Every structure is written in structure tokens, then in C-alpha cells.
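In the two complexes below, chain A is the common chain; its partner is chain B in one and chain C in the other.
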Partner chain A sequence: MHTTQDLLQFIFAGLTSGAIYALIALGFSVVHNTMGIVNFVQVDFVSLGGMLMFSALLTAGLPMMPGLLLAVTGVALVAMLVERFGLRPSRSHHELVLIFLTVGISIILRGAMKLIWGKNRMALPPLTSDEPITILGAAVLPQALWIMLLTLIAISLLSWFFYKTPLGLSMRAVASNPTAAAVVGIPAGKIRLTSYAIAGALGGLAGVLVTPITTLNYDVGVLLGLKGFAAAILGGFGSFPGAVLGGIGLGLLESLSAGYLSSAYKDVVAFVVLLLVLFVRPKGLLGK
Partner chain B sequence: MTGKQKIFYFLYLHRTGLAVSALSLSLLVYPFFQDNPYTLGLSNLIAIHVIIVLGLNLFIGFAGQISLGHAAFFGLGAYGSAISTVTFDLPAWPAMLLVAGLVGLVALLVGVPVLRLSGHYLAMATLGFNIVIHTIMLQWDEVTGGPSGFSGVPPLSIGDFAFDDEVRFHYLVWTFALITLMLCLNLVRSGVGRGLAALAGEETAAAALGVDTRRAKVKVFVLSAVMASVAGSLFAHCYGFVSPDSFSIFTSTDMAIMVVIGGMGSVWGSLLGAGFITMLPEWMDVFENYKDFVHGGILVFVLMFLPQGLVTGLLEQIKIKMALTRRKDAAA
Partner chain C sequence: MLQLEDLGKRFGGLPALDKVSFEVPRGKLTALIGPNGAGKSTLINCVSGVLKPTEGTVTFAGADITGQPAHDIAHSGIARTFQNLKLFPRLTVLDNVLTGLTCEGGRSMLMAMLRLPYLRHRERQLKLRAMEALDRFGMTDKANWPAGVLSYGDKKRVELARATVGNPQLILLDEPVAGLNAEETAAVGDQLNRLRIAGYTLLLVEHDMDLVMEISDQIVVLDSGRCIASGSPDEVRCNPLVLEAYLGRMDATA
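Now for the complex of A and B:
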């Protein structure tokens, strides 16, 4: 029999994965807003975050927090390199060409990770102890609480950045009308670089946080990243509240259907609901 | 016109027909020079990819839409043929037809609502459809055989003549590929094809000029799904074995990459794109550990410097070179 405790347990699990999807979805949205493309490299930012964290902790011997900051900054730097040398030299502005350019870069990055860290699965320690805490009868891993807390902090930082800083203002200007933004002299290159850095940092953070729960592998980000993309679409591509809503929604949908219907078909349920939402609202829940 | 000009004019006038004939002829004699089963197996795989990519290029290149889910139709065709011939004991050819019809119906049912979406939403919806189909193939063990796949699919045959080795299969599968090629070449030059090209250029303008854009999109989607399904049936009968791995979203992205590398909206480009991307992993063996780098690198390089695809891109480069030399000559 299912009890309220089970329900609570499923909801906690859903919120945890939902927070991760939300972080990745925000990364997709930031790049979409400034460049109008789906950045499939986002998928590898997630794996790279976990990998850099692994090296920072176990090779360099850093404590948790400096390690986390180093990993996130590292992914942001790689993301900037990807934009500057991978996408900007492109001779075409055709959406599809740029999207497949990101697919090509993603293959290269995955190859690099395979070469540096190998193909084996690795275990990343959680931020603090892995003794479950009981909340209202549901057992919750401390890592899950960290995920929710750090996701909240990341979202607050992001809104502060977009609404309180000049650079954030110019990024919103580009998102709302790129031509007008260019006319008033907002430097396009800097904006694109910043959007990639933010996307990288968000993806990297998601990777650092989630890999202690899943396992760490050079392609762990692929499925997570695609769920993040689905979350972004579900909420309305490019909308930040939409990305968060879509992420949480997708996470809950998945854990509830795994709990009450079938864990084998949880992805099917999630994607069928996504398709149904799109049939009713072709621009996502909060899309314009 | 002088004799020489006449010959050139004739060649120019019949360039498509001549190219198709030349291709057919070289494919006809190919097995006489190449009897290594492995190499023939690869060229058969190219033919199967060509069938899918031609259909997908109609959808991406001519109708200007995006699909990252065609491996689902490919897989439905393959599993459809496998299950109907092995589990239900149906004869192979009618089964192939039946499956293609059913897949067309699925594409219609999915296409009508999904094609209301555009851009990234359409990409996600097709991707999601592929994930759903792939998961069902993986999980529904009783019917599909689950992750370990479905084996024992009989080869196709006409009377007593079974297409059971690489050489025989070469003729079968390339016949299908060439029929698809001719279908596409003719389709893009028909009124329907011109309407589609207009749709790719500017949807609103095409609608204003009287192209029924919604119907046109759905029709091309169904057509490309049926082509993918036929390719899937051939795939199942050729290898005698199907597993969910061959129909994941990575196959879908590979197909879309073949379209883009070959050149969106270029029928001949599809041939080249399918060949190039299918062969790439084979050439990469030399690089061993670095093959992902080189694979991704070549992709990035082509997309960056020849964004119109190999055929159109290279032709344009040559034209520019020729124009520049002519100008230099004129100046001298």
C-alpha cells in the first residue's frame, strides 16, 4: 500500500532531480536567448563539472567548497572557449548548422573527457555525510538538500545578475530584440561569451551536485542534459521562470510515475506528458 | 551550334538522367570488382542510410522543418518486419508493405499535432517521440526481445531466390535506394516540390502564394517516415537481427548530420552525406584513441567552412575560384 510517507518520499526525489533539470534548463535558456540556438554542448558541461570536481577533490586534494568553486569556474572557462573558438568563426548563421556545430563540439569534448578521465565509472563523494535525514517520515539524503539549497542560491544570483547589473540588462536587451540591441551599441561578442560562461557554470554546478547521487562517467550528462532541454521546452524555451517550473514539473512527473506506475516507463510518461502539453500549448507553459 | 557545343548542350540538358544512369551502372558492376563481404556490407549500410536521409532531407531541406526522431520510424519499420515475419509468420514482402503503411499512419497521427510546432519545440517533440519508441523497444521484452534484441529474421526472397549474401543484398538494397533517389529527384522538380522549397524559404510567403503549408508539411513528414520504415525493413532482413541500440536518438542525430553535411535541400548531397558519415568511423580506426576528436573535428570543420554542405559548398568554392581567375585573366 502506498502511504503519505511514500508520497512525500517521491516528492522529495522529484524535487531533487527537478532542481538539477532546472539548472540545466536555465543553461539552455540563457544561450537560446542570446543566440537563438539549442546548445547541445550543455550536455557535456554537466559531465565536465563532475569530472573537474573529481580531480579537484581526489587529485588536488582540495576541500569541498573550493573544489566546487574551482569546478564550476573551470566549466565556465571551457564554455567560453567553446563559444569563442567553436561557434563564433562559423560562416553560417543558419540555425540548423549552428545546432549541429554544437553537436560536433560535444563529440569532441566527450572524446577529450574519455581520454583524460577514462571510460570507467567513478564515485564522487557527496558534499557532506551520506547519512539520510528523516523529514516527516521520509528519508532524505543531505546531498538532496544541498542540491535544493544551491539551486535556490544559483537562481537568486542569476536574477540578481539579470535585473541588477548593467551586463545583465544588456543581456536582457539582446534577448528581447537582438537587432535593436546591436543598433544601440551593445557588444554582441561579449554578450554571447557571457551567456556561454553562465550556461557552463550552471551545467557544471548541476554536474557537481548530481554525480554523487548517480555515478560519474564521461557521458553521464547526455540523458540528464536532454531532460534539461525537455524541461526548458516544457516551461517555454527562453523563459527563466519557465525553465525552473519545467524542471521541477518534469522531476515530479518522473518520480511520481516511477513510484505509482512503472519505473521502466517513467521516461515514456514524462515525454508523453511533454508532447501532450505541447499539443495544447505549442510554446510551452510560460512561453510567449 | 557546332558539334562540340551540341554534345555539351546534350550533356547539360540530360545531366540528371545521365548522372543517375552512370551511378546505376557503376553500382551494377561494383560487386565484380569488390567481393569483400565487409566492404559490401558497408556499402549496403550506406544504401539503407541513403533511403532514410533522402526522405529526411525532403523534410529538413525542402520543407525547412527539423526532425531529431527519424530513427524511431526506422526502428518501427525494422521491428515491424521482424515481428510480423517471425512472430506472426507473415510473408516478408506483404509484411514490409503493411508495416510501411502502419508507420505512415503513425507518422500521420503524430505529425498532425506535432507539426503545429516550430523550431526548437519541434526538435524536442521529435526527440521525445524517439525516446518513447526506443524505451518501449527496450522494455517490452515479450514482444521486442528487450535490450538483447530480436534475432532470426529471415532474408527477403523472390521465389526461390533469397537475398541472403552481401552481393545479392547489394543489388536489392541499391535498387530501393535508386528508386528513392529518382522519386526525390522528380518530386523536388514537381509543383509539390517547388511549393515545399517555398515553404523552406519563408513559410508566410509560401502560404500567401497558395501553398497549403500545414498539409504539405504533414505529407512530407509521412512520406519521409514511410521511406525510413522501408529502410528499416530492409535493415532487419539484411542483418537478420535488430536491437534497440540501432534506433536511439544518436542514430537520429546521425541522420540529421548526414542531411546537413550533404547539404540541406540537395538530393545528390544526401547521397554524399550518407556515404561520408557512414564511412567516417571506418576511416577513424587509424586514429584509435583520438577518433572522437577527429570525428567531431571533421564535423565541426565541414559545418564551419562549408555550411551549405559538401556538394553545394565545394561547387561554390570552385565557381568562386574560377570567377577570380577569369577576372585576373581579363585584367592581364
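Now for the complex of A and C:
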């Protein structure tokens, strides 16, 4: 019995971090689909989410839910600024140029966060109590349940948006064929701005949710973000179901290997998976 | 309706279009013909904003639209189809046609999204119109197929449905019957004729001379980027310059 409890414990842990990776991977995918680039600022959206939550709760003294909404919209706004003033003025729209711009903006953003919030590690309280709940013999933090619930809500909202709204249809059209999209009258600028806002909101949400169980500082998003990137590659870069599957798969792999092999290799797993996928099946599990 | 004045486009140093001027009258079908490489597709691309002309002006319904981005030109009422098909392969046929109604939503889609009942009502209306457009081209039974899996002829039909669904003021058609068999060509020709009778303004690029002679009100002939003739089908048919462009110089063989 002891072993099944262990297994359950590992699965819960895996699902929790998997949900976070899925959110980040979705952020990468949204921007990739509409602009054809890897947006490295995604990793800082995660840190910024945690930071804004910290300020909303502890500096402004807001309650949890308004704080969460404020942090997520705050990151979405910053993301829109990144697109509008960081990428759009670029004279070249070559993908490589834009990708390097995102690398540069990522460094600037991280520097700005270091200046504003300092280099110290901070602690963010969980959304509700941190008394573990026992489910089928496994101890689960309420925050872990929040993570899974809010990730599910975010994914449902996202698919509603993409499949039930005109703007969502426009975004899928741009992803499918940018020239045709322009010719039927879809303004590329607005679509890019929207995709950055969505990517920012997803990254920000991931940051708000995960930092109470990890830790919070100005570059906490880097490792998480790279794992989200690995998850996106695993699922098939640009595929939304792939991002979710890749996130959950990577989270489970990590926690199972940490549990049964050694936790020392936990962070290695993501990158071994990344390499294996790139060697064996570069288009990922659900890639086109 | 559409006026081109001294329109020019250079790729590097090479002129693809050289001082082309002509007018597309409202409610008429104007055909643009010429040998391969004459610059017909370049011209359509310059008008629809896919390419920016290097000189000259494009005036549409009294407004100068030269060099504007494609989506703005679409909003001013110009729709088009492509020679080599530009559908959204991963979207369903119905969604493809729905994108043709983008311009109708205006630019406040975000605002509309906040009013859900209104949005739902509008979505139903738009879907209805998209289905009507599909019906015109006999594609209703495939409305939920992904466009990427359709046959070539069906893809052409979907593109026509997408270009016409929003009732644009001007439709640019780049070789709508290329690659179709005789029966399909006749069906598309029939559709174009119906659009013309319904009062649409059309600019048609086409190699199929039988079709062009049959349905055009006016024909413009391009050769090596220049406009060498224009007029009614009968005038153009007898124009020696046109024969020369198509058949080669007579005096060289004489």
C-alpha cells in the first residue's frame, strides 16, 4: 500500500508542475502561431506575475482574488507594451531578428525587475491555507489544487476564445496563412498585440500560482520558462493540445524520476527530454 | 470604380509593371490578359496590397489606396482570390468563409465580445450568410471539412465563396479556372457571369480565352509589364499588337 501512496503523491506533484509548464507552453505557442517566433520574454512574464502579485498583496494590501486578477492583467499589459514598442518598430520582420529582440527585451525586463524588487528571495503566501489535504492517502497542498483548477479554467477560456469568437477565428486564420489573413482584412498588428496579451496573461498566471510553492525572485521564471519551452517542444511547438499534453507529460516525468531515481536529476529530465524529442521526433507528440 | 495611373513595380532593377494606366468601371467585368510574365499577378498584388507599387497611384472609389496595407485595402471593399490558392488549410470550410466577413465586424470586435448575447446573435447571422455563400458554390455538404483536404476544384470554390461572402465592391480574381476541367470551368464561368449580372465589379486575370471573350465587358492586355491594348472583346481580338504579343512578331518570320 505504501508504494501506491507514493506513486499517487508523485502523480499529484507531477500534475501540479505539469499544469504550470502547460500554461507557459501555451504562452509560447500563442505567440509562435501568430508571429512564427519563439518569444523568450515568456520566461519573464512568469517572474513578473509573481512580483506583481507580491506587490498587490503585501504592498497594496489587496485580497487574494483581486490581487491575482491585477497581477495577471498587469503582465498582459506589459506583454502588449513589449510587442507594441519592443518588436513592432523593428525595421526587419525577419523571424531571427525578432527572436533576438525578444532575448534582448527579456534581459532588460529582468534587469528592471531586479531594480524594482531587488535580488532577495521573497515569499508569496498561497491563495488559501497551506494545510495539506489528504486525498486517497496522498498529502496535497490546497495551492496545488488551485493550480490545477485555475489552469483548467484558463484552458477552457482559451479554447472558448479561439473557437467561439470572431477575434479567435481571426487569430487561427493568421496562424494558418498570414497573407490570406491580411487579404480578407485581418489587421496583423492587432492580432500580434492580442497574442502577446494572451501570452502575458498565461505566463503571469503561471507565476502567480507557482511562486507560493517555489520561491520568488526576479529570475524565478527562467528555469520554469525553459521547462515550459521544453514542454512546448515535447507536445509539438505551436499546438495547443500539444502544449497541455507536453506540460503534463513533462511534469509527470520529472516528479516520477525525482521520486524513483533521484531528485538530483529532476531538472535534468526536462532537458534530456528536450534533446531526445529533437533527435527522434522534432515535430513533437502532436506537431504538424 | 478602380483607377490605375502610371502604376509601376520594380523587383530589384527589373520592371514587372511599367506605367500601367486603366480603369475598371463599376458594375462591369474587366479581364486582364497577357502572356506569362506580363505582370498580371503583380498588378493584382499591387492593387490588393500584397505588394507595394514603386510608382504610380491606385484610386479606389475616389480614395487613394496606393501602398496601403492589405488589411486596410480589404476594409475599403476589395476582395480577391489567388492563382495558387490561399485558404486556411487547418480551418474548416465554414470558418474559411467566415473570415471573409472580417471586415463587417468593424474594428471593435473586442467590444462586441463583451456583449455576449449580441455576439451570439451576430455569430448566427454571419454563419447563415457564410452557409448561403457556400450554397452558391455547391459546398454546403463539406462545410465542416478542414479546407486542407479538399480537392483543387473545391478549394477554388471555397476561395470564391470567401471572396464574395462579404459583398465587396470589387473582386479581384487571379486565374479562377486555371487547373479546372471543362465542366468545372463552365460552372465557374457561370458563377462569374451571375456575379456580373448581380452588379458586382470584377477584375479577372485569366488565360482561358474562350471564357474571357465570353463574359468580359472590357479587356486590358498586358505585355512585358506594359498595357498594350484595351477595349471590348471584339476590339481586342482584332488588335494587331495583341496578336503580336501572343503569337510573336509577324515581320520576323515574313
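As a convention for this text, the second predicted complex is superposed on the first by the 282 of 288 C-alpha atoms of A that agree within 3 Å, B and C clash if a C-alpha of one lies under 4 Å from a C-alpha of the other, contacts with A are read in each partner's own complex, and residues count from 1 in each chain.
Basically, a contact is a pair of C-beta atoms (placed from the backbone, for glycine too) under 8 Å apart; a residue touches a chain by one contact, two chains touch by 3 or more.
These numbers were taken from a predicted model, which means no experiment stands behind them.
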Chain B versus chain C as contact partner of A:D219, first or second or both or neither: neither
Partner chain(s) touched by A:G111 [first = chain B, second = chain C, both, neither]: first
First, second, both or neither for A:A264, with chain B first and chain C second: first
Which of chain B and chain C A:T179 touches, first, second, both or neither: second
First (chain B), second (chain C), both or neither touched by A:T165: second
Chain A residues touched - chain C or chain B, whichever exceeds: B
Touched partner set for A:D6, first chain B, second chain C, both or neither: neither
Residues on chain B engaged by chain A in the complex (per definition of touch): 60, 66, 113-114, 116-121, 123-125, 127-129, 131-132, 135-136, 139, 249, 253, 256-257, 260, 264, 289-293, 295-297, 299-300, 303-305, 307-308
Touching residues on chain A, where the partner in the complex is chain B: 32, 38, 86, 89-92, 94-97, 99-101, 103-112, 114-115, 226, 229-230, 233, 237, 264-265, 267-268, 271-272, 274-275, 278-279, 282-284
Chain A-facing residues of chain C, complex: 48-50, 69-72, 74-75, 79-80, 82, 86-91, 95, 98-100, 102-103, 105, 107, 109-110, 112-113, 119, 123, 126, 162
Chain C-facing residues of chain A, complex: 164-167, 169-170, 172-173, 175-177, 179-188, 190, 288
